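What follows is chain A paired twice: with chain B in the first complex and chain C in the second.
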Partner chain A sequence: MDQQKAMLFGAAAAVRLLLFTAFPSLPQLLAGRVEVSTPVTSFKRLQEGVFLYTHNVSPYDGGVYHQAPLLLPLFSLLPNPASSPFATNLLFTAVDLLGASALMQIADSGQSVVTRLFKSSRKDLRWSSAAIAATFLFSPFTITTCIARSTSALTNLFILTAMAKASQGASFTFIFAMAMASYLAMHPILLFPPLVLLCYDARTIKSKTAPNPLAFTATHVLGFAAACGGLLGLSALLTGSWEFLAATYGVRLLLPDLTPNVGLWWYFFTEMFDSFREFFLGVFWLHVASYMPGLTIRLRTQPLFVATTLTGIFAVFTPYPSAADASLYLSLVPLFRHLFPLMRYTFLASATILYASFLGPAFYYLWIYAGSGNANFFYAITLVWSLGLSIVVGDSLYAALRDELDVERPELRGKEVKRI
Partner chain B sequence: MALISTLLALRKDPRILKLPPYLSALCILVGVAWLLVLPLNEYSRNTYVSENALLPGQVHTYFTGSEHNVFRAYRHEVASLVDMPLEERNQKLVHILRSNKLKAATQSYSYAASGRNISNQNVYAVLQGPRADATEAIVLVASWLTIDGEVNHSGVALLLTLSRYFKRWSLWSKDIIFLISGDSTSGPQAWVDAYHDSHSPDTIESLSIKSGALQGAVAIEYPAGPWGHRFEKLHIIYDGINGQLPNLDLFNTAVSIASGQMGAGCTLQRMWKHDDNYKERLQTMLRGMISQGLGHATGPHSAFIPYHVDAITLQTVGDGWHDEMTLGRTVESLFRSLNNLLEHLHQSFFFYLLLQANRFVSIGTYLPSAMLIAVSFSITSIALWVLSGRPTSIPSPATTAPLKDSKGPTEKETNKTAVTVVEKDKDKSLLPLAALEVTERSLFLPVAFITLSHFLGLFPLYIFNNTTEAFLAPAFYSTAILTATLPFAAAFTLRRFARPTPQESTLIQCFSLLFLGMFLSALATVNFSLSFLVGIFASPLTFVRGLHAASSPSTPVPFTTKNRLALSAVMSVVLAALNPVVVIRAATLYWGRDIVQVLVQAAEGWHVWGLWTQVVVWLVWWPAWFAGSVVVAGGLFS
Partner chain C sequence: MAPTEGANASSTSNTTPNDLKSPGTPPAAETPKTLPPPETKESLRLRQWVIASFWAVVLCLGLPMWWKTTAIYRADLPLQHMTDWAEGKICKPVFPLRIAVEAPFQLPDAHNLIRTTQHALDDLNEFSAHHLRLILADIPVARNASQQMVTDGMGISSNDRDIALLLRLIPVETGTTPRSMLQTYATRLDIYYAAHQIPSSSSTGSPLATFIAEELHSIFAEEQALLAYQLSTNVGALTPKMKAPSPEKVAELERQSTRALKYAPTYHLTFSLFSPTSVPSAWEIESALQQYLAPLLESFSFISNFTVDTQVQLYAGFSPSIRQPEYDDNLKAWTLRREDLSGFINAAEWPLSPSIGVGPTVNFVLYVPDQLQSPLLIKENGGNSWLVPQWGGVLILNPPTSGKNTPTVLTKDALAPAMHAFSDQLMSLLGFPQTPNSLPLRLATLERVRAASLLFSASSTLGALARLTKALPSIPIPDTVAKSVDLTIAHLQQSCDSLRDGRFQGALEHARTAEVEAEKAFFERSMVGQVYFPDEHKVAVYLPLLGPVAVPLVMSLLKEIKSVVR
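Our next item is the complex of A and B:
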């Protein structure tokens, strides 16, 4: 087992480092692609921020850098990526490997098939944790994100760690990872409620006695608030003011930068009259946030599935999604191998996603470089991309509910469902 | 809802698996037929100018009379330059342009491709438009050598005359740049690259004079010597690099001025005689598609198009009564039209197939044909995916029933076919359980094989782009031999390890066709013709199958299993004939080209023009062919 893991991780690291060294211009190229690098995760913008930071200018002065302040000291410690990129490349490779290791812990915990309150009737249908880690490590989207050195790789690492620790019932590391993820990207804060439930379930299984739910929730919420507060305080200390709040979370919330990305927001907000902007910002955010309570309540018995589905929702409906968010979701889906037989549109969804990932760059080329297409071309293909991801989200939700039904009403197993 | 559930129930129907090959064949047939009906009046349209500002042919042209004498003088001047060394010649040209009160300069460039050194010098001059603010410019190009390698005597002389003539007008609201490029393809490329600062300054000189954003470019080729030659028609060349086309409005403006205002006919794609019947329209379209599919530079204008500068070349052809003044007045009128532009040409089509100078097919009408061909690969790949999930041998109820009756309880009886009752709309039927099961797919070998075969394509890509001219022919023929034998060697080696299993070879074909279909449909949006041509040559890959010896001996041996070796051999021969290397060689034989010249051009394209047709051939077409051939060759050794 360990040898297998070492081989897998070695191969994944080798592929990444080989791509970094064999094609030295590839990171630059990918860092400029809108599909991978968004205004809030781009490595180019991070370099700009680091430059300003090391020259004792506020990194947020130029209006270019929109990422968390704590990334600055980390990346200013590394040698300049323009001249000696190896250390940076190694860091991003390590981030991917750590993420895969966290994913293996999630898979080993078995929370995806058997939880405290629910035992799937197909629980034996599982992939080994190594296979699941392999889908993450060798997914073209993950590799592209790593090569583009987009900081969403770090966010993904912390989300995966938070899930892993929650499924092991390790509260402290869970809260820390969760706070880091929320601090870096803001929207992962919506994962906190389902993951607290997961942590509660895991703790109950581990200690055989259920802790007091109220006390458990209170301590975790307080701990989470304290961790977030600590990170924000540290950031304010580091940059000397609170202006980073507007430049990071403000940008994520209010969408001032309308650079195209694979999401659905930019096109709407370029078209929109300014007087409606606030209203629709509210509506769009309400829409993203509304999935969390609904799914958490309905699928209370399977909190890990709720968290996974929410990452899929993020990959479609957040303001600045990228291929990195899709890579996180698509590598979490194989945890639910037992739902695959119940899913109805797997080929359709995967073909849609594959086609979109080829046609997307082609249409972007037609729009920006050849000049023979226009913005609608690229927007149309981002719609297809989002459609593909939403089919996976919707279809897996259907499969999860069907799986629950099979447990509740075994006599209906294999029968076709009808809406009554 | 009812429809969805019906469709869902239909998926379980084993008959549905019989359908895809016919569906794929239908897609290909419809795709080809679609292309063949395009020249008909019902499917093509007359061209029209959509941009209001252009107003083609609405102005009176004053390029007549005494300008003719100036032109003749310049023509003799140019003729006297022909035998001079390059530097001296270009200094003379600069001197002439400066004496016309223009800012003039030279630009040296040198490229290396296939061990050859392409070095030359461009001469260019900028006329500052009296009403312009140096934000926009239009370009008039006359390359010193034409596409066919003749000296562009009258073309260069006309450029000099027009530079003198245009300078006297006060109505230019854009700057005009006059460019005399050293040769017809690399020279303009070096100049445009340098104009947009995307050149490598070590080998290509930066431009010392510049103007604003280029709005359009017109190149003229008129190789008539010092004593002139009257021409019959204008031949308009419009293909850009990688199959990109200029805005149709520019082409239409040129046609409407030349034929409407000047009375000179226009022709395209070397169709010297065009009677506007179906056959000739089709021929024009196919020639246009091949030229677009190859993606090579067809003239001095080609280099401009990747920079989103619409450009065409006007070439004089035939013997007639039009002289240099017709060409001059055409250019004048064309420049007056371009001068009117308020914004970049964007109104009209960027994707079109021309059937004749005033008839075209737009993208909405022709794109489905390439898409259908790309879809045929996807359909087969879906079918193979489903097939790979089915157990290898589904006992057919029609054959097992009499078997049991005649022989009674034999050994066969013990593994009796398990059946299940399927009920749909009150109809019940018995289905073998095996038909509904999905077996686990082993994905590792197919994925590794597909990755490896795409990786293998990098070798010929690198070799052909970086070999010197002397070694290109041996390199080509050894590649031909290697690629012809490699599938058999690969299949034989794999067979030694008892791989691939029938399921794995199905999956190899499935993934390879999936990628091919996806690449081609993405490519169809960028370069329709290339996608269509590759799709046609790759279409047999949809229908070939790897035939394996039956795993369980069942009495009624299917026809395909019985004649496995013969069928595999036939399919191998067909595929060997469709090897990309063989297809390329056959095409060069058909058009009577030297293969080395083609390869040299391709390498020049790669290093100078930014051509990526090779990438499509070696990294899309060849790997798909290789995967298909290995799967078929597997049938010979199983």
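Our next item is the complex of A and C:
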């Protein structure tokens, strides 16, 4: 097992380092692609921020850098990626490997099939943790994100770690990882409620007695708030002012940068009447947030599935999504191998995603470089991409509910169901 | 809201088998197909909680957000007050001009003279808003007049701008008396009189008093006409006592006012030298401007400021679209027809930019014709310069006929006639009155006229803004507009008060600020964004996105309420 894991990780690291060294211009190329690098995760913008930071200028001057301040000291310690990129490449490779390792921990915990309150009737149908890690490590989306050195790789790592620690019931590391993920990308804060439930369930299983739910929630919420407050305070200390809040979270909330990306927001807001812009920003954000309470209540028994579905929703409905968000969701889906037989549109979903992945760059080229297309070409492709991901989200949700029904009424297993 | 609904639901739950997603067809062997098995209490409550959670987001977050982001902010404007200003109900501008009288004789006599003169003046005056008041100057009586002229040439007026005119009575023995002399560069009118013409304290009228009154009346006649014209063109400000100016007078004033540029705090003057050949390629414009124009601009500086630039363009002939000049044997010169003058400016090729910077541009074109077509004059009157209304002036500078070749450098002396012409043109472009023959007096007149016109223009802008606000209830009114309106009103009030007190300098300054603020408020960009956005369009904005979202939310809520009620 360990040998298998070592081989897998070695192979994944080798592929990444090989791509980095064999194609030295590839990171530059990918860092400029809108599908991978968004204004809030781009490595080029990070370099700009680091340059300003090391020259004692506020990194948020000039309005290019929109990422968390704590990334700056980390990247300013590394040698300049323009002249000696090896250290940076190694860091991003390590981030991927750590993420894969966290994913293996999630898989090993078995929370995806058997939770405290729910035991799937198909619990034996699952892939090994190594196989799941392999889908993450060798997913083209993950590799692209790694080569483009997008900082969403770090966000993904912290989300995976938070899930892993929650499924092990390790409160302290869970809270820290959750706080880091929220601090880096803001929207992962919505994962906190389902993951607290997951943590509670895991703790109950571990200690065989249920802790007081109120006390448990209160300590975790307070701990999470303290961790986030600490990170923000540290950032303020580091940059010397609170202006980073407007430059990072403000940008994510108010969408001033309408650079195209694979999401649905940019096109909509380029067309929006100015006087309704604020209203629809609110609507879009509430739309993202409104799924969390409903899903958490409905699927209270399967909090890990709720968290997974939410990452899928993030990959479609957040303002600056990229292939990295999709890679996170698509590598969490194999944890629920037991739902695959119940899914009805697997072919359609995979075909749509493949179609969008291949045609997206082509249409972007037609629009921006060749000039023979227009913005609608690329936007149509992002619609297809979002459709593909939404099909996976919806279909897996259906499958999870059907799976629940099978447990509730075993006599209905294998029968056709219909909504009334 | 969520807990209540949950509680209600749990109390009345186990009735309806009306589920969203479960249990479909039950085994046919046990029950008839039409009746699915009842839902568990558990799943019912779960569903109600889910629906409640979505509605909680909509109601607790969505509604306040909608309210806050789509509310049109309308700052309070004093609409009635603004309309009153525009209709001239608040401020009736009056122009009390103080005229100091310096009389070298005994106080009772002086008082008597002033009283009788004032009487005569009041009888002459047809325009009640503009009125001249004589006061006695506090200057030692026994002073040699000629000596004083030397010691302080400008007299009181330079120290005290509020005195419109200084009237100095000078006794003489020779010449016709009474006679008057208006100082060209001072606000002083000298009256020469014979000793016997001093009115006695008993008489009610005297030739001297009548003479002075008539003199003063004629000096301020044009100013009165200008102000009366200003007031009459602004409806509402018309005072009932005022007699309407005669039609010819109105036509003349209209001509003047169409010629003059609109008032601006800063004007940009451009002096351009155009030549169809390669000479002259230089001109001593800087020193010429310094000598001939700077004093004028300096004296004008309390009304407007000026920026100046100059340019030389070679091989820049006049517009080819007009008829070429013809040689006139009588004049021994090349002549241009008067009707062609309007097409003389070669707008296509001459780089005369319409406006540089903030203020309007006044263009002065100095054209040096080709040696072969020199001298170049205007056919009808043999003149060589003309004024383009609201644009600038043109002067054809014919090179001296003595030398065969056009000089390469135009010296300061050569430029002198041009500069004089340009000064004259500038004065009429700025709206200077034609009379009286004293520059400071004309400046003071212009100051009062400008103050009045700015006052009216700012007031009518306020009125327009008030009408706009009433007519378009859907436009937002930001706080900056309210602030500008308040400032405008405050400055208008101050300006009006200053006018009443005869402090015309202050009146102009306040009126100027008021005008700037009023324009700022009226042309606020963020107000007009939604002017063409009727309410029906909002349906098109909201429905495409919110409709599809609302349908499942509303339907599930209705279904749930129905099941609870049953």
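Quick notes
FYI, the second predicted complex is superposed on the first by the 420 of 420 C-alpha atoms of A that agree within 3 Å, B and C clash if a C-alpha of one lies under 4 Å from a C-alpha of the other, contacts with A are read in each partner's own complex, and residues count from 1 in each chain.
By definition in this document, contacts are C-beta pairs under 8 Å (C-beta built on N, C-alpha and C of every residue); 3 or more make two chains touch, one makes a residue touch a chain.
Treat the numbers as computed from the prediction; the structure is a model and nothing was measured.
If you put the two complexes together on chain A, you find that chain B and chain C both fit without a clash. By the touch criterion defined above, A:E416 lies against chain B and chain C together after alignment on the C-alpha atoms of chain A. Put simply, if you stand at the Cα centre of chain A and look at the Cα centres of chain B and chain C, the angle between them is 80 degrees to the nearest 10. Note on chain A: of its two partners chain C and chain B, the one contacting more of its residues is C. Of the two partner chains placed by superposition, only chain B is touched by A:G371; chain C is not.
In the superposition on chain A, contact is made by A:R344 with chain B only, not with chain C. Once the two complexes are overlaid on the shared chain, A:S275 sits against chain C while remaining clear of chain B.
Residue contacts after overlaying the shared chain place A:A6 against neither chain B nor chain C. When both complexes are overlaid on chain A, the residue A:L405 reaches chain C alone and has no touch with chain B. Figure legend note: chain B and chain C, brought together by superposition on chain A, show a least Cα distance of 10 Å.
Residues 416, 419 of chain A are contacted both by chain B in one complex and by chain C in the other.
Chain A meets chain B in the complex at residues 341, 344, 347, 351, 354-355, 358-359, 361-363, 365-366, 369-373, 416, 419. Residues of chain B that touch chain A in their complex: 1, 5, 8, 244-245, 306, 308, 344, 346, 350-351, 378, 382, 385, 438, 514, 518-519, 521-523, 525-526. Of all the residues in chain A, the ones that touch chain C in their complex are 273-276, 278-283, 286-287, 289-290, 293-294, 297-298, 300, 401, 405, 408-409, 411-412, 415-420.
Put simply, chain C touches chain A in their complex at residues 18-25, 27, 36, 46-47, 49-50, 53-54, 56-58, 61-62, 65-66, 69-70, 529-530, 533, 541, 545-546, 549.
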